[in-house]
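Shared chain: chain A. Partners: chain B in the first complex, chain C in the second.
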Partner chain A sequence: MFFNYIGGIFKGIKTLLTGMKVTSSYFFRPSKIVTQKYPENRKELKMFDSFKGEVILTHNENNEHKCTGCGICEINCPNGSIEIVSMFITTEDGKKKKAIDKHIYHLGMCTFCALCVKTCPSNALDFGKDFEQAVFDRARLTKILNKEGSKLMKGVE
Partner chain B sequence: MPFDIYDLSTFTHWIDTSLRAGMSPFWAVFTEFVLVGVVFLAFYAVVGLFLVYAERRICAFMQCRLGPNRVGPGGIFQTIADLIKLLFKELIYIKNADKILFNIAPFIVIIASFLALAAIPFGKGLQAMDFNIGIFYVVAVSSIGVIGILLAGWSSNSKYSLIGALRSGAQIISYELSVGLSLIVIVILAGTMQLSEIVEMQRDGWFIFTGHLPAVIAFIIFMIASTAEINRGPFDLAEAESELTAGFHTEYSGIKFAFFFLAEYMNMFIVASIAATVFWGGWMPLHIGSWEGFNHAMDFIPPFIWYLGKTAVIIYLIMLFKWTFPRLRIDQLLTLEWKYLLPVNLFNVLLMAFIVLKGWHF
Partner chain C sequence: MEGVLPINQVVSEVEQQEYIINMGPQHPSTHGVLRFLLSLKGEVVQYVQPHCGYIHRGIEKMTEKITYPQIIHLTDRLDYLSAHMNNEAVSLCVENALQIEVPERVKYIRTIMAELSRLASHQLWWAAFGMDLGALTTFFYGLRDREYILDIFEQTTGSRLTQSYNCPGGLMNDIHPDFQKKVKEFIKNFRKVLPEYNQLLTGNVIFHERTKGIGLLSKEDAISFGVTGPSGRGSGFSCDLRKSHPYSAYDKVDFKEILYTEGDTFARYQVRMDEMLESMNIIEQLIDNIPEGDYALKMKAIIKLPEGEYYQRVESARGEFGVHIISDGNKNPYRVKFRSPNFSNLSAIDSMARGFKIADLVAISGSLDLVIPDLDK
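So, the complex of A and B:
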């Protein structure tokens, strides 16, 4: 009984000292600080891979994208922030085919749930890393994702 | 003695005699009161604001953050900006609050910490009031603050405030015992309660070294109990922001809230000063036995720097407690005091009395 009491005191002091050692070690090693100074480090700031800044339609260097205009992203979007405007084009061998005219994306309504990116059958959509999206006019939050004069990538159906 | 060049009592005596030469004794004393008051007000404001900044930076580093770093170099003016903001904020009038007590409470808290500041020796001859019962005075006066806390909680007409204030009352009644008993251990060793003499007696070695084991135990108990007495975490049940929003000062806003905030930090400073004075020798430089050269070298560091350095180390310890340990429940708080600290403390007083009786201390 008595020894339990004394032992408890020493055990308590030991565990308290363990905790103090941890916080002290952080205090005396400021190199471990994870906070970044944002506006100053804008140039070298690199967002991590899973960061969701905005939805983008990936284009390769020949200005080609993979969007077939199927409209699955439009159906899946819970907020209705994607509108697909499709058109019919005639291919070289004379067939009529559905293709994308405008992939309209309302950034102001997007909650970055990633349903569009995950369900896209041809992996055309992705998340961009740009997070500085503040604008003065609400109309500028509506973006057309397919670039001017872009075409469907060959081999994507 | 080499550090007599830092002796400020000649300077204070010179002020006294020159004032008395120019005017009647009553007005001379009155002028001295005003001078000391102004100096303490300035000291209080500067130290309080700096401690708030230091706490925010230190806790940030302990949590791998940066803390305030925008206002001024390294964020040093952050608390001044905060103070200006608080000065401009509205003092909200609480419906059905006890208006007089509600307005008086912050002043009681801040006056209590002011009174305690008066007895602390900052350096040789740099002490506003050198009572022969200095330790007793400081313990007595610093517990006035809890009246302000109780009044604040009672008069706010809010359940959160009342619960916070009553917890604070239970806490202070319990932990005042441990603070008193751990200081009594040193009073037994020193044989005096006068703070200036306690410092003077530590010329050849601080009490924490010369008092053997009981002094070390007394120091640890004093640190725990005084952290509880100033209502800081892990003993911050009185304001427990996660359960009581802010406890006794939930209903306060603007500069009245700032008073509570400032008083909390100044109480921390006072407690650290007492610990530094009683256990670590106050402004007395570190002297080791017969190492003449070392002792002389230490004497060339001004006493005020010694005092501030020791106080800063203890303040760091108190902040470390707050940002390391989780908050205690009220029953755990009372168990710690009545089942652990108090019996250990009583035994410790006995042990110290025995050691002093046998003359085993240095």
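So, the complex of A and C:
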């Protein structure tokens, strides 16, 4: 009984030291430590190309986008985080045509399921690479994706 | 000093008195918002009543209003640690209903992704289980190695946790060119690291004292409660669906079903530790042989299932996850039922914890590996 008790203590110390061997080996091999200094290394941090950040409407350098306002992304969104306000414009040859007035995106409702980006027939939508989305006011989570004065890209129907 | 009882008399009265306390809903050891109503005599648990529903979101009801591809993003949020397997279950169920066969490439990638998420899930479980029992170091070590898998997921699928990668008909996008290289790198690294896990926790005497002979669950009880997954296999209940009802590419790989017959907390621990090795074996057999081909079938824009009932089950990291879809021929399901493994596993906790100390209840609930959002749906 007594020897079992003493033996148990020594066994306990032995297994404790086995565990501490692992932790102390990392203490003497700092090159194996993988933690990152996050707020300081913001500049070097680069997300993967496939990273799903917020949804963006891609614009080219002439402030043109590819969104025709068909509303397929709005139908496919499971949470109702996309609203498209469309309007009718008259083109150069005098025809009336549907175009987007506002492409409203509620970031707070989005679950990043990629259904809108995948189903867009003209590949107008894409994912941004920004991962710091915290804001102080909930209203700032609602974004209008088309930039001011932007037009439909030529050749996109 | 009149009226004050001597201390030994007070202690004996408290030990005889039955009293009821709440554990949770925000106790760190309950892994989420789950409340246990405990009846105690001294330190000994008389009975446990789990009260769930704190994170009920009505996911089954929500699925009745949305289309089949949209269900995927909700099953991600059931058991977030095995999101790939949940998505796979829905995808397979829809594919079986439509009687279509996905390309071989999709099957291989689905299996690899499922095994990777099983590894990540078991790593997180190991980390949290050690922390439940007071070994904080394990938490950092487990999360460190899980980070590699999450990086692989992020590179291919775009998200770390709720990937939404499977969809009816295949996958959302093809794997990243670096995928195979990174997975092989991870397995090479993790084979070196796994002995460290054993040194830190498995061989520790304090850990043995806290887990061996604690929370006994007999094979009969495991079957009658429907305890599946590693928790059921720790009691000798052979319930591995990957072996008995192979789906995806599991019929092409050679692996063992891990079974332990002790039925205590340590047996459930060992099942998961051995499963990590088996998962790595499965991935190694598949990773070099991914066939060329399409990553998805061309599906109709609106998927409508023929009228009828369809059921598909997969082995998630915690047990048998089932999807039962009743379709009336529309684009939305008429009714969807998810069989979540955690709910059945939780039901056994009362018979497991009776007669053990309150501190053992933490070890028992940790060894069941409960994920509360899956339980409450």
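Note that in this section the second predicted complex is superposed on the first by the 122 of 157 C-alpha atoms of A that agree within 3 Å, B and C clash if a C-alpha of one lies under 4 Å from a C-alpha of the other, contacts with A are read in each partner's own complex, and residues count from 1 in each chain.
The rule we apply is simple: contacts are C-beta pairs under 8 Å (C-beta built on N, C-alpha and C of every residue); 3 or more make two chains touch, one makes a residue touch a chain.
These figures come from a predicted structure and were not determined experimentally.
Of the two partner chains, neither chain B nor chain C is touched by A:G80. In the superposition on chain A, A:F127 contacts chain C only, with no contact to chain B.
After overlaying the two complexes on the shared chain, residue contacts for A:G155 are found with neither chain B nor chain C.
In the superposition on chain A, A:F27 contacts chain B only, with no contact to chain C.
Of the two partner chains placed around the shared chain by superposition, chain C is the only one that A:F51 touches, whereas chain B remains out of contact. Looking at the shared chain after the overlay, A:L16 reaches both chain B and chain C. Between chain B and chain C, C contacts the larger number of chain A residues. Legend: residue contacts after superposition of the two complexes on their common chain; A:G94 is shown touching neither chain B nor chain C.
Contact with neither chain B nor chain C is seen for A:P39 once the two complexes are overlaid on the shared chain.
By the touch criterion stated above, A:T111 is placed in contact with chain C alone, chain B being left untouched.
Once both structures are placed on chain A, chain A residues 16, 19, 22-23, 34 are touched by chain B and, in the other complex, by chain C.
Put simply, chain C touches chain A in their complex at residues 66, 69-70, 72-74, 76-77, 137, 144, 147, 154-159, 162, 164, 172-173, 176, 196, 199-201, 203-206, 301.
On chain B, the positions that touch chain A within their shared complex are 58, 60-66, 69, 320-321, 323-325, 340, 344.
Touching chain C in their complex are the following residues of chain A: 8, 11-12, 15-16, 18-19, 21-23, 34, 47-48, 50-52, 76, 78, 111-115, 118-119, 127. On the chain A side of its complex with chain B, the touching residues are 9, 16, 19-20, 22-24, 26-27, 30, 32-35, 37.
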